[in-house]
Structure formats: structure tokens, C-alpha cells
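A, B, C and D are the chain letters, set down in written order, and residue numbers restart from 1 in every chain.
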């Protein structure tokens, strides 16, 4: 089965390169994109099916070959309970983006190039989640940047895309450089780049000082990607400028690489460093939660309040929960962080799809210009947006809730070596953040979905003449195209998974929990 | 004779030539300063040749070559200076700033340079 | 039995999912989808309630989150309390759905409306049945979001949009401490199972129990609209009237009281919590009764009245009368649903919601007049009606706490608070109910009635008739100790009247299970009732056209606006949050992004600086190169 | 670099084993060398500082002539004559022609020195000081015995030049030819461009 994993990673890379190399007409390229990402999704589903759930703590489908032996590099791939959900999520979201690209693409270049870049991106992300060698991880981590840069710089919103793409790539490259330094430091003291071995050693061979330095470097590099407050400012710009598919992948998949790296590398391999920085990580996470929501609130009322920018800042808040969960260094917290990852990937992916649809239909993403009344102008779209917003505010029973709950539970009861008082404060901040999150999410719904109705469907026909029906303005608003066929295919899986994971969190937690425990050394 | 005498002479001569290269603005004077530096090197070569009693006489042979090359160099150098003078009507080294980064030359001097260049280009 | 409970919860949920997904495409099926699953739920809940033999707890669950230390289980815990409350919820929900089928018949959004009501019913049943606090929280929040969407049903109006957001945010604010409280209780008891938590409280109480219950009061106050989070409920009346009847009168708002009753042993072990709860209840009770008196909008009168009546429940709980509070919850659920549904018809008839525009409506639709009279009578607590018995049960429990006390009883101060506030409120309730009754149904119409829409649909009338039955008769179940108290049992699941009870194993003293009215409190309450009603009647007789609320004088304006608590919150919470938001955005754009941009600018500047040295003067370059060479040579020589 | 320096120092120590009289009792040749050296340096200084551009060329003649004398004192006869022939005879003449062709002002001119004189002084003095230190440190005891050799005679030089160095010599002649052609091409200007030629 390890071949399947390799094929799943290499196939999109080959297909992407082929699309770049050979002139294929755009229509065929789009269908080729759907076919390849669909095949990859199928392969990952096969992997998930073949995955031994009773043994989720060990690496499965491993490949371990010497690669550049003079440098001690190994081509080491594998999947365990932590990476499996992320791999499936990646394949799913990329597939949906490919499906979505069957519809209208923004101007900027040929659809062939777009699809090719998405495929290369997918290969990079899958490689990141499957890599078990630090350098391999780093390579895959970097491969992702280039296609994303071009996606933003070529298909983004004209006028914003250049600076946004520039900021994105410079900021994340800076982070990567730091991370690479950290990796080299780790290797210099342990003599290995192997992630599983480093996790098994649990920091043996590195003094406390070395661990702290290495954690600082690796953690900063990953924190840029997460993105952790205050290293987040590249994200709103990139999201606002990126095309819909780019935003979905950026939020749904790329951000997960940061938290995944923390859970996979930084925490298990450098336990003392993690212990030292956990309070900071948690504090920055909690600040991010409150801060992100406050900025979203401000954007609601500001004339340049862009729907996509608001969702981007909401990502800062949501990833704050993931950081808080990781910072607790408990099984619950880290499980929560992984759950936040998946939930956020599904929900924010959906939100960006919808924001893109709104932008495409009304011609703008500025709240003040969209014109409201989406419930009337495109009822299904409005209903979906309301659903996504409600999911985004962490409504229990949907996928966004469990991660937040577990993170907060972890914060109530952090690992023994951490300060309980501090984490209680963080817990309160995070909990208040959920109220602020609810405030801006409902604010979005109010601004975009509510508003005067179509003239034909005013309240005049109902019998209810309470105080509310009076003064209902019967301004006529123009209808917009509602949810189309391609949209249904692209969005329905996200809605379905959001509900399923929300109702039955055990589907995910049963896979991640054993692996998380193994990383934490069986305890906690 | 102590070896130090010719060596010190060479060093001082070299220093003077160096100063000339860096400080003189007229291109022909810069060329003269370069000749001074070359001569300093020649003194060195001869002195060491004598001191080491080289059977191949590498020092002296090299000195001859240097002299020859210096002659060629001065010929070429003067030709270049002449051509610049024809094109730009100046042999002022500090006025030849085509290598400058745009914006790096203070404005006043740039105006001076364009003013100088214009009649030169007419002459060309 | 738990299967039946799960089915009762699942069916409406399924109906909601189907309705939301396909309702627009098959509008014809919407009505069937709205009512039939709920009808099945009603049968199932009643079956559960009937089959639940007195006392005992049935619980069955499956694990939701295997995360080690603490497991969350999707469990159904059926005991007397949950069985009977579930039956109430399902029944009222079905009646409301039937009523809505007629009331909302022309609404183009009926299918999503009905689906949301189904979803709400499922969530409420989950809250009622579940045996796990986290799962309870799920239902709790889903109810909240359904309430949000239904309040905002008329999203074309700004009022409805604002009210919906306000309702959700205020309750959500209460849910923050509630969630933390749940965590505290769960960690303290080592489990989120209600059974384990109830069993885990040591007899003398525990720090975590007190802390957890105090925090949970936040959520209770939010959901049940108690002081200080009471302001959302009156605004929530912008939703369709049936929604107000179901969610904002009979069921969801009672969930706060229900949760306290569900976890009663934990609350009973925390005196501090009970005192806070009693203060909260007393304040809410009196103030909102006063506000109800000053309102001019029919539904807002009923809304404030709901707040006030909910305070009777929380007050009863604070004073130790769990069974009494649940009793009041049941009767209130019946008569308040009746009142709201009747109010819907009244508004339909009058063409307005303003009381000052109504009058003389008793001749237009006699059935509505009579059912509403019964409902108001029960609300006021006119002796043979249900409300009288349940209110007296609460006051009786408070009296026992205040005077007799005893081991395991709440502090006496809670009893006194509830008695004083309760008796006072009885008078105020009588006053505003009388005012409403007289101004709506008697006298002359103060505004010409609109063109009749045609006869009131039968589907809207017979739920009123059905609800009148319990409104009138439900009180009797409190009279015999072997009826309601035996069914409810105590919070540990031991039935009153069983062998356990005989052995003195009940959680509370036997007096608390006696729901029959007591002489002292009954006399006081009825006397004040008569006083309030009489005073209003006298005022009305003097000038039938004028509003008796004029007696409030200068207090009337503030009372109508709920003492301007909204403006206080606006100044203390809302505006600072907006300010903080703007400040944060400023910081984000100028400071944090400023650093990022400064880094870029710094690089550009450094580049520009280095670029300046590239001035084209070859001699300068050469001087630089040589100087560098000299420095290098000297450095190397010195180091060597 | 340090290693090279050290090696040179060692070599100097070896060779200085031949010894020689001290600095306080100079030989006649030494006295002459120093005196002529002072003239050379003085005139060189005037070359780089004089404000009359033609004078600079003339002072250069003095410098180069002085150097020829120094070569004689170092017993490098052939070099000395070549110096006189090529430098004074050819190079300086060329330079004078250059000055004339670039219409160099005759008489005092203030524009000869660039504005960056002080940095130039600093760099030149620094470089000189560094070199002096190194040279004196390494060779203060080295002695040059010039008495009984004919190493510098035309015969010896010619033999080594045409036996050992014949190939570089020929290459050099090609180089000179190339320089000649280059100089002609350059000074002809862009004949094709304006069609007239110069």
C-alpha cells in the first residue's frame, strides 16, 4: 500500500508538469484536473480504507529509502492518525477546487496553467503531510509556495494581487528560512533528520538550551504559516487578493501545514522547548482569537470591509484555537487542535467558496457594495452562507465546535508543568472570543443576507402584523444567479462533512487520538 | 646595497602613484600616475632579481615586458581618452558617470554633466 | 425506552434536514414533513413518559469523543423529569406546527420556517433527554441558533435583523460562563455525565460544585432571560407569533430552569449559588412584571410576563422547590403557549399589535376571548386554574425554606426573597393581566378594524382549545402527592412514595415534595391579586378609553423601555467593543502591519543607501576597493 | 597571505646570512641611490600635485630619468637604457601629444584635482604605510651584493630573454601589434557612422 501513497503524491506532480509542458486546450485541461485530483482523492480514500484504525499510533504505508546518503537524507514517507485526516482533507479540497474551476475562472491566465499550479500545489501539500524526514518536509513545504504565489499573482484581484503575492511569499519564505535553521540545529545535535526517530527520542541528545533555540526557530517558521498573531498580516492580504480556488486552498490546506508541523515535529522532538514556549504559544493563540474577531467586527463597519478579508481574519481567530490546544500539551488540546484544523478546513473552505460566489455574482466583495438581501436575491446561496457562518461561529453540532471545545477543555486542564492560572485566563479570553466570533459572523449574515426583499415576496402576504411587519421597505432588489450545478458538486461535500463531523466527532477523534498519545509519550 | 633602499623607494613611488590615480581628474594625468605605479613595480622586480641572483633573470625579463606593456597601454589609453574627449569634449574622469545608478548622482552635478555632454554630442 | 427517546429526538431532526435541503423544491410536502414526524415524536415522548414507572433512571449512551481523560457520550437519560418535560415540549411543538400551517400558509418561506421549528424541537428534546452535559450544550446552542433564525424570519425589516442578532449574542454571552461551568463540573466530577456529576457531589458540597454552578447561572440567565441578561426576550417578539409561543414562552426559555432542575443535587449543595439565583429571580420577577404593565405592544406584554414567570421557576429552584418549579414550568408551558397563540389570532383580527389600538374584541371571536381569559386567569393565578396551584407550590416551598429550614435545605434568605418577591409579583401580574384583558376585549374599538381576512382558520383555533384543557386542569396534578411528585421523583431518581422515600433516602425533606397550596402564602398572594386586579379595574371604570398604565406616572416611560438597561449595555458593553474593534484594526493596520511594511521599507532604504554610493565615479570605486584591501591586510596582519 | 609573508621572511633571513655592513655606514652607491631616490620621489610628488598640466608631464620625465639612474646603480644596465628609450622617448612624448589633443589648458588650472582629495590621501597613505611596514619588517636585514656580477648587462639579459623567455617575448610582440591596431581603430573614431572619418 505504500505505493499508493507515493502515487498519490507523485501523480499530481507529474500531471501538473505535463500540463505545463504540453499545450492542451483549456477545456481538456480543466477536465484533466478534475480527473487527476479525483484519482488522488480516490487513492487517499483507499488509503483511509486500508488504514489500520486499531493501530493508528504507528506509521503505516511507510517508505524509507536512502536519498542523499552523503547528507543523511532519507526518502521517508508514512501516514498515521495525525496525518491521515489532513491528507484526505487536502485531496478533497483540491478536488473540489478542480471541480469549481470547471466554472468561470477569473482573468489572469489560461485555465491550463491554473490547473497545473493547483496540481503541483496538491503534490506539495500531500508531501508535507506524508514526509517523515525533516528535509523532505521542508522541500514539500517550500514547493507549495511557488504555485500559490502564481495563483495569487496572476489570477488574483487586479490591483491588489501583486503586493499581496509578494508579501505572502516573502513572509512565508522568511519563516521557512528560520525553520530550516532549526532543522539543521536539530540535526547537528542528534545526527538525524528522521521525524519518527526524533519523536521517539523525545529530545534526547539535545540540551535544554539547544531545544529552546531549535523550538524558537522551528516554531517561528511554522507560526508564520499558522498564522499566529502577530505574524498574521500576510494572510488577509493574500486571501483578499487570491482567486476563489486559491483562497480555499490557502485557508483549507496551507494553514494546516503550520499546526501540523508543530504537532508532528516541534512538540514531540523538542519537549523541553515546547514546555518553555507553550505559555507564549497559548497566549498568542488566545490573543489571536480575540484580536481576529475584533478586527472582523471593525471591518464589518468599515467602508473597506471586504468579505474575504473578514473571513481571512476569522482564520486568525480559528487557528488561535488550534495554537491554544497545542500549547496545553495535553492529548485533549492537541486532538482539539487537529479537529480545529479539519473543521476550519471544511468550514472556511466553504465560506471562501461562497464569498467567491458572492463576489463573482455581485461584482464586489465589499460588504457595503454587495447590496444585502441575498436571502431574497439568491435564496439558496444566502441560506448556505448563513449555514457556513453559523458553522464558523463554532455552533455545537457542527464541525467547528468540537475542536474549540477540546482546546478549551485542554486549557482548563493543561499539562502539569504549565501554569494553570495563566491558562485559565487564556480559557476565559478564548471563550469570550467565541462571543465576538458569533457577533461578526452574524454581522456578515445580517449585512449580506438580510435586507429589503424582492417586491414579489414581501411580508405583506403573511397575516402576521406585529410590530415587525410595519415599515418593511418593499424596495425592489435584483435577483442574482443562485447556486449552480457545479457549485452544488463543489460545496455539498463540505456541507455534508461539516454536519457529519459535528454530529459524530468520534469519526475523526478515533483516528487522531492514539497517534497524539503516542507523540506525547503515551501519557497525559 | 641594502635591499630596503630600492624597496622603500618602490613603496613610496607606488603610494604617490596611487594618490595620483585617485585624486587627479584629468584622464591623462591619471595615466601618468599609473605609469608611476608601474615604475614602482619595476624597481621592485629589478631589486629582487638582483638580490636573488636568479639564473633565469625572471625579474629583469618581466621588467622589460612591463615596460613594453606599459607602452602599449599608454597608447591604447590615450586613444580611449581621445575618443572620449571627441565625444564628450572633456577628459575629466569625474564627469564620466554613465555607470552611475539613476538617482545616485546629486541633482546639481547631473545638470552640470548634461550641460557638458550636450555640446560634446554636437561635436560628435 | 432510551431508543424511543432517541427516536423522538431524531425524527424531527431528520424532518428538519430534509426540509432544509429539499423544502424549496417540494413545497407541497412541507406541511406533512413539519407535522407528521413531530406527531410521531409526541406519541413516543408520551409513551416514554407513561412507561417510565415512577422513579428510576434509564440511561444508555455511546461514546462521541474518545480523547482519553474525559469522554463525551451521546447518551439518553430518561427519568421522571425529562420524560414529562419532553412530553410537554413535543406536544406544544406539534400544536405550534399545526397552528403555523395555517398561520404561515401564505409565507413563501414556510418550508424553511417549519424545518427550523422541527430542528428546534429536536434540539430541545436532546437537551431534555440527554445524559451528558456537553451533548446538552450542543442542543442548547442549536436551540439558540434556531431561535436566531426564527426571530429573524422577517429579515426584510431592520428590527427583526437586529433583534435576532441581539438574542443570539446575549444568550451566547451567558453561554461563555455556562461552558466554563460545564468544564469545571466535568473536571471536578471526572465525567460530563449528569449521573456521575450528581453522584460525585460530596454531601457537604465542594468548591468545584459551587464554582461550576455559579458559572452555569450565566447560561441559565441568558437562556431564561433573567436579570441581568433579560433584555433580549422582548425584542425577540419580532419573530412570527407561533415562534414566540413555542420558543420564547413555553420551551426554550424554560431550558435554563430545566438545567438547574436536572443538576439539582449539585445546586442544592452550593448555598452561594442558590442565594445568587434567588436574588436574580426576585429582581427579575418584580421588575419584569412592572415592565409588562407599562408595555403597549401585546406581545411585549406577554414577553415580559414570560420573563417574570420564568423567575418564579428559578426562584422556586433557589428556594429548594424543585418539583414546584417543574410544576410551574409545565403549567406555564401550557398557558403561555395558549396566550401567545391566542395573541396571534387577536393580532390577526385587530390588524395591529398595539393594545392602544384594540378594544372590544370579545365579540369578534368568542372562542379566542374565552381561551385567552382562561390563559390570563392561569397566569394571574386565579384559584382553580393551573397557574394558581403551581405558583402556590413555589411559594409554599419558599415558605418552608424560610421558616422551617432544616438540614439540606437552602439558606432561609432565599426563601424570604422568593416569598416577598413572589407575593408582590402576584399583585403586579394581576394588574397587567387585567389591564390587558380589559383593554383588548372590552370597551370600544379605538381604531376601525381592518377588512376581515375571512374567518379565522380552524387549524389556528383548535390548538387553542386543546391548550385550554391543561391550562385549566393541570393544576390538580399537584394536589395529590402520589401524582406529580411521585412521577418526578427526586433528582437522584428516587421516587417519592417509594420504599426509598419511606426510609428517608430522599434528597430533600418531604415537605418539598408537597405541592399543595399553603394557607399563609395563598392568602397573601390572592389578597394582592385581588388588590392589583381591583385597582386596575377601578382605573378602567373611571375612563375606559385611557390606559390604566398611566398610574405609573413618570415611571412609565423607563418601565416601558425596561429601565433602559439596553442603553446601559450599549454604553458599557457594545460601544466599548466597537471601540476596541476599531482600535484593534488600527493597531493591526498601523502597528503590526507597520512593522512588516517597515521591514520592507528598511530593506528598500538600505538598498537605496548602498545605491547612492554607486555614483559612477570610478575613482571613488577604486578608493573604496583599495581602502577595503588595506583594512583587510591590516586586519590579517594584526591577527597573525 | 600570512603564510607567504612568513615564508618570505624566512627566505630573507637565509639570504641575509651573507651579511653586509650596517645602515650607519653607507657605501657610495647607497648614498647616490638615496639622493637620486629623493629626486625621483620629489618629482613624482610634483607630477601628482602640480596644477599645470604640461609641467606634470615634464616632471614625469625627471622621475623616469631618475629611475633609469637608479637601475644603473642596481647594475641593471639594459633595463636602464630601455627605460630611457621607451619611457622617456616614447611614453612621455605620447602623453604630451595626448595633452595637446585633449586641448589641455596651458598654465594653472584648478580643476585638475578631484573634490575627493582627502579620501585619496587617506587611502594612499594607508596603503603606503601598510606596504612599508611589511617590507621593512621582512627585509630590513637583507643585503644586496652588487660588486662582482654582470647580471644586468645587455649580454646576459639578451641571452636569457632569447633563450628562456622567447615565447612570451613573441606573444608580447603580437600584443603590441594588437595594441597598435586597437589604438588606430579607436582614434580613427566612428568613421562609418558619420561617413566622413577623422
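Note that in this section a residue touches a chain if its C-beta (ideal position, glycine included) is under 8 Å from a C-beta of that chain, and two chains touch if they have at least 3 such contacts.
Predicted model only: the values in this text are computed from it and were never measured.
Novice: What is the distance, in whole Å, between the centres of subunit A and subunit B, each centre taken as the mean of its C-alpha atoms?
Specialist: Going by mean C-alpha positions, subunit A sits 65 Å from subunit B.
Novice: What is the distance in Å between the mean C-alpha positions of subunit A and subunit D?
Specialist: 73
Novice: Please tell me the distance, in whole Å, between the geometric centres of subunit B and subunit D computed from their C-alpha atoms.
Specialist: 12
Novice: Distance between subunit B and subunit C based on Cα centroids, please, to the nearest Å.
Specialist: The answer is 95 Å.
Novice: I need the residues of subunit C touching at least two other chains; which ones are they?
Specialist: Where subunit C meets two or more other chains at a single residue, that happens at 617, 619, 623, 626.
Novice: If you look at subunit B, which of its residues touch at least two other chains?
Specialist: As it turns out, subunit B has residues touching two or more other chains at 18, 22-23, 93-94.
Novice: By the touch rule stated above, which residues of subunit D touch at least two different other chains?
Specialist: In subunit D, the residues touching two or more other chains are 114, 116, 119-120, 123, 127.
Novice: Make each chain a node and each touching pair an edge, then name the shape: line, ring, star, complete, other.
Specialist: other
Novice: Report the complete set of touching chain pairs.
Specialist: Every touching chain pair, ordered by label, is A-C, B-C, B-D, C-D.
Novice: For the complex, which residues does subunit D have touching subunit C?
Specialist: 1-2, 5, 114, 116, 119-120, 122-123, 126-127, 130, 133-134
Novice: Residue numbers of subunit C touching subunit B in their complex, please.
Specialist: Interface residues on subunit C, with respect to subunit B: 611-619, 622-623, 626.
Novice: Quick check on the complex: what are the subunit C residues that touch subunit D?
Specialist: Touching subunit D from subunit C are residues 617, 619-620, 623, 626-627, 629-630, 633-634, 636-637, 640.
Novice: What residues of subunit B sit close enough to touch subunit D in their complex?
Specialist: On the subunit B side, the touching residues are 1-9, 11-20, 22-29, 31-33, 35-36, 39, 42-43, 46-47, 49-53, 56-57, 60-61, 63-65, 67-76, 78-83, 85-86, 91-94, 124.
Novice: Which residues of subunit C touch subunit A in their complex?
Specialist: Result: residues 20, 24, 63-70, 72, 103-104, 106-108, 112, 123, 134, 137-142, 145, 148-149, 152, 154-157, 159-161, 163-165, 168-169, 172-173, 176, 179-180, 183-184, 186-187, 237-241, 297, 299, 344, 347-348, 351-354, 453, 577-578, 580-582, 584-585, 588, 592-593, 595-596, 600 of subunit C touch subunit A.
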